[in-house]
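You will see chain A twice below: alongside chain B first, and alongside chain C after that.
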Partner chain A sequence: MLAPLLAVLAVAVGFPLVYAIYLSVTDYRLTDQGAPNFVGAQNFIDAFANGAFWNSFLTTGTYVVVSVGLELLIGLAIALSLQKQKWFRDATRAFLLAPMFITPIAVGLTFRFLLNDQIGAIPAILDTFGISYNFFGPGKALFTLALIDVWQWTPFMVLLLLAGLESIPKPPLEAAKVDGASAWYRFRRIVLPMLSPILVVAILLRALDALRVFEYVFATTRGGPGTETQTLQYFMYQTGIQFFRLASASAMAFIVLLVVLGLVVLTFRRIERSKA
Partner chain B sequence: MSLARSRPRRLVAAAAVVSATTLLTACAGSGGTTAAEDTSDASGEVSSDTEGTVRILMEEVPDTDIVQDLLPQFNEAYPDITIDIESLTFDQMRDKLVASFQSSEPAYDLIVVDNPWMVDFANAGFLAPLDSRIESTPDYEPDDFFDPLVDITTVDDTRYGVPFYNYALGYIYREDLYEEAGLGEPTTLDELVSNVQALKDGDRAGIAMQPQRGYKIFEEWANWLFAAGGSIYDQDGNVTLDTPEAARALEAYIEAYETAAPPNSLNWAFDEAQRSVASDGAASMVGYNWNLPTLNDPTGPAGDLAGSFKLAPMPGGKQVLGSWSWAIPANSDSPDAAWAFVSWITSKDVEVERVKAGGASIRESALEDESVLAEGFGEDYYAAVEQILSDAAPLTNGASGEEMIQAVGTELNEAVAGSKSVADALAAAQEAAERIQE
Partner chain C sequence: MRGSNVLGIARIALLWLAAIFVLFPMVWIALNSFKTSGQMNDPLLLSFKPTLANWENVISSGILAAAGRSAITASVTVAISVVVGSMGAYAIATFRAGGQLTRFGILASQVLPPAVLVFPFLTMAYALRVNDTLVPVIFAHLTFVLPVVTWFLIGFFEAVPRSLEEQARVDGFTRFQAFRLVVLPQVYPGIGAAAIFGFTLSWNDMFYGLILAPGKAAILPVAIAGFNTFRGVELGSMSAAILIAVVPVTIASFFIQRRFVQGISGGAVKF
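On to the complex of A and B.
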């Protein structure tokens, strides 16, 4: 039974990966014709020595931590509220999930103009309070992009956490309540521990997705100011597609892949240990 | 989008693989092309009974629509040639174009090439040389093309393209506001800065700028560089971005941004700038010459302001030139039919029709044609366009043009953002451009 699945995986995932490994050890450019030259580990050495690449790593890491951290906090608060909701539950949940169903490039373009100082609604509202804020200015643009991510993907966090909350068995909570435990105590000592497997999966899924941020950058800042919002995907897109240096981009993508896989393996090990 | 970001997936492992291999998957091209037929001495005279299908890859822009509208006329001249145009957005088109070069089977018989790609594509052997066709086409008059546009199509003294349309820049301003302020068209960089500062009035900015990182800021700032007497390359082709003229241009650019541009517009590109001038948010902008008819169109984005906009060459007379060119891929299946179409659509007579329909001009004669002047968008406009196209230069002349433009545009944006000094930004821009185009 396993053989057909492995065969599909080999073709769908294995072939592109193997071909990309091959490209990453060549000097291949999209504008080259014929067979590229073998350059060994040179592209990997260049990537490790490339400050802009590591800078984009740091930028992406900051983006992931800020966006997923906020999504977790806000998502958990909303999920706890929704759990207690009595009326219009389905309608509220459907409405809350709406941002998830918009394509990210459309979200990016919408916020580009929503935050425009001359025609945007948000600067206009701030202006009535005498506040002028440069959403895409130095030191602020990356956090603006993270907030766009929060707007679009907090509903996903809510969805997962709500499912987790509703699957928690009631007896321990009721027993604690009878024993006089406060709401905060019940949340901290019963709800959170029982929710932790779901929390880990939710954070992991969101972090992996946020790691691939591209559309918001493309639609709003193109990596600026300077290189402040130059994320990994945008950097590799420019290197491989815009500048035609596919071999370099392949090597960078492999380094990212290894780092991500390492983090995923560590996370799963942690989950397994906590179960034991 | 070439790198679409998909929604979260259930399988963590799959998500991990997909996250880092979106690009890798795109890397898996087939590679290799068949040996191209030698067309270096091909004739430009194509018989009207030539048969074939010409598959063309183009960008989704108004100039492509104008070409589409002219196809019935082409088929009156060449009834047995079928023109099959596929138009895509810029990024999709570029990705598909490069992939088609790698294909063992020819995918397109005619393409349009943006000027930063010309050297790379020609050096890679993707494009067929066109000198013999251009010289042997009856009544073609190639000397009528604006020289700066022809220069873009020429790599190592060989022409690999024919101009399709220009996107040269110019200074677009509100004539009524200039008159109210008692100002004349700026003729120097200092006048440009002082004018836009004088035009700032309450919420209306003096100039809507486009300092977005990368292409946009370099495209805009280079006009200021030319106005300051500087250049991107010297006569020997060496990069000249770290010069006193460049420093003066960047200081003037930053001064205008800080004192006369809309607040918080550091990420603005063309769309925002045009919306700003069209909605009375700014008195002027540096824009493409063919934006003027759009702004002056009563049914266009400017509404009641239509008719109050005017186009002028940049102070000092020289401006940045962008250009799309027709080119025949070396692996084209129908090079003769493709040339029949190119030579027809760029001929003097058809050029007049194209320009009257709103197409961006490539020939001097079209801008002096009586029917264009009478039926088009006004004599003043065409006179300004002729001046603009007569003295214009592209952002890049060498290989890896896109990369060089992005690198320089990043440094300029750093300077405007205040995270680098003018001197440091220009030194870094010079170093990056030299390294990329060495």
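On to the complex of A and C.
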């Protein structure tokens, strides 16, 4: 039963991946006509020496931690609220989940103009309170991008956590209630532990997806001010597609892959150990 | 009792706040789509004479066809992913096939930066003469939708009690019958959720579409992005284009959401 999965993955992922490995050890550029030359590990050495590359690592890391952290907290609060909802259940849920169905480029462009200090509604509202805040200014743009991510992807967190909450068996909760356990105690000692498998999946999926942030940067800041919002995905897109250095972009992508995989493996080790 | 009242009020306040947060950007964009560029310089202008010029402009740019192509791409990708992914997830969950390695492999393909895979896809598409069609886009979307759908389903399959399947086998079902008739119905809610998620992933992606089908087979996100760069920024028309992308999926998400909630409560094993 595993065979169809492996076959499709081999064609759709395996072959392009091998091709990309080949690319990463050549000097191929998008503008080349002839066959590329073999350059060995040169692209990897260059990438390691590239400060801008490591900088975009840090930028992306900050972005992921801020956005996924906020999404988890807000998502959990909303999921708990929705679970107790009695009237207009489906309508409320469908409405609050809507942002995750919107294509990120549309979300990015919407916020680009919503937060624009000349024609945007939010700066205009803040202005009536005498607050002047440049959302895409130095030191702020990255957090604005993270907030856009929170706007769009908290619903995903809510969807998963709500599914988890509704699959929690009722008897232990009722027993705890009869025994006089407070709401907070029931939440911390029963709900949270039973929710933890789905929490891990939700955080992992969101973090891996947030790592690939591209559309928001593409739609709003294009990496600026300076290189403050130059996330990994945007940096590699620039290197590969705009500057035609496909080979070095491939090498960078493999370094990213290894670092992230390492982090995922470490996380899993710790989870497995805490289970034992 | 008073403690629970405070919690109740906080709960409702939170939901209202969330609703306003969700709604505000969309209402603002909707208003903008009926404004002339002069009226747009006043961001908080609420009463104005609406214009339909932006909408006529957008419809004539062929954005509805792009939306159709996006829907086809997402549907085909999800159909393949759900069939292949549920079988794979079942194998991984039940037989521990490939052990942890398979799981990490699946996750690894999710970690893969799209920038790596897109160029080999472009070369292959040229070689097979399917460049600027939906075929390479569907293949490219499979690279991230299929792993996510499979990953998503493993947990649901693991939650199915093994005793159910063993009983079915004792009752004379073959392995595949036990999978299809006993195990699979248990994970319908999971498959529904996975399908919704897979669809949105494919529907939302711009990166692959931008590079693999930039021309006559442009999918919706690419068409919208094109509106941004074409003749500078036309905020009014772009607002209309954004709404065309947003409104149908919001309505669709309402129906999907109902099915999702039904599915989640409809499992055979009662807790």
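In this section, the second predicted complex is superposed on the first by the 259 of 276 C-alpha atoms of A that agree within 3 Å, B and C clash if a C-alpha of one lies under 4 Å from a C-alpha of the other, contacts with A are read in each partner's own complex, and residues count from 1 in each chain.
Here is the rule we go by: a residue touches a chain if its C-beta (ideal position, glycine included) is under 8 Å from a C-beta of that chain, and two chains touch if they have at least 3 such contacts.
Worth saying up front: this structure is predicted, and the values here are computed from it rather than measured.
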{"item": "Partner chain in contact with A:Pro197 - chain B first, chain C second, else both or neither", "value": "second"}
{"item": "Chain B versus chain C as contact partner of A:Leu17, first or second or both or neither", "value": "both"}
{"item": "Superposition-derived comparison: chain B or chain C, residues of chain A touched", "value": "C"}
{"item": "Touched partner set for A:Pro104, first chain B, second chain C, both or neither", "value": "both"}
{"item": "Chain B versus chain C as contact partner of A:Phe135, first or second or both or neither", "value": "first"}
{"item": "First (chain B), second (chain C), both or neither touched by A:Gly224", "value": "first"}
{"item": "First (chain B), second (chain C), both or neither touched by A:Tyr63", "value": "neither"}
{"item": "Which of chain B and chain C A:Phe53 touches, first, second, both or neither", "value": "neither"}
{"item": "Partner chain(s) touched by A:Glu166 [first = chain B, second = chain C, both, neither]", "value": "second"}
{"item": "Which superposed partner A:Asp90 touches (first chain B, second chain C, both, neither)", "value": "second"}
{"item": "Shared chain A surface residues [contacts with chain B and with chain C]", "value": "13, 15-17, 19-20, 23, 100, 104-105, 113, 118-119, 123, 156, 201, 204-205, 208, 211-212, 214-215, 218, 233, 236-237, 240-241, 246, 249-250, 253-254, 256-257, 260-261, 264, 268"}
{"item": "Chain C residues touching chain A - in the complex, by the definition given at the top", "value": "3-4, 7, 11-12, 14-15, 18-19, 21-22, 24-26, 28-29, 32, 40-41, 43-44, 80, 83-85, 87-88, 90-92, 97-98, 100, 102, 104-105, 107-117, 119-121, 123-124, 139-140, 142-143, 146-148, 150-152, 155, 159, 179, 189, 193, 197, 200, 203-204, 206-207, 211, 220-221, 224-225, 228, 235, 238, 242, 245-246, 249-250, 252-254, 257-258, 260-261, 264-265, 271"}
{"item": "Contact set on chain A toward chain B in their complex", "value": "13, 15-17, 19-20, 23, 30-35, 100, 104-105, 112-113, 116-119, 123, 132-138, 141, 153, 156, 201, 204-206, 208-209, 211-215, 218, 220-228, 233, 236-238, 240-244, 246, 249-250, 253-254, 256-257, 260-261, 264, 268"}
{"item": "Complex interface listing, chain A residues touching chain C", "value": "1-2, 4-6, 8-9, 11-13, 15-17, 19-20, 23, 74, 77-78, 80-82, 84-85, 89-106, 109-111, 113-114, 118-121, 123-125, 151, 156, 159, 163, 166-170, 183, 197-198, 201, 204-205, 208, 211-212, 214-215, 218-219, 232-233, 236-237, 240-241, 246, 249-250, 253-254, 256-257, 260-261, 264-265, 268"}
{"item": "In the complex, chain B residues that touch chain A", "value": "1-5, 7-9, 12-13, 15-17, 19-29, 31-33, 94-95, 98, 101-102, 120-121, 123-126, 203, 212-214, 216, 262-267, 269, 272, 275-276, 279, 281, 400, 402-403, 406, 410, 413-414, 416-420"}
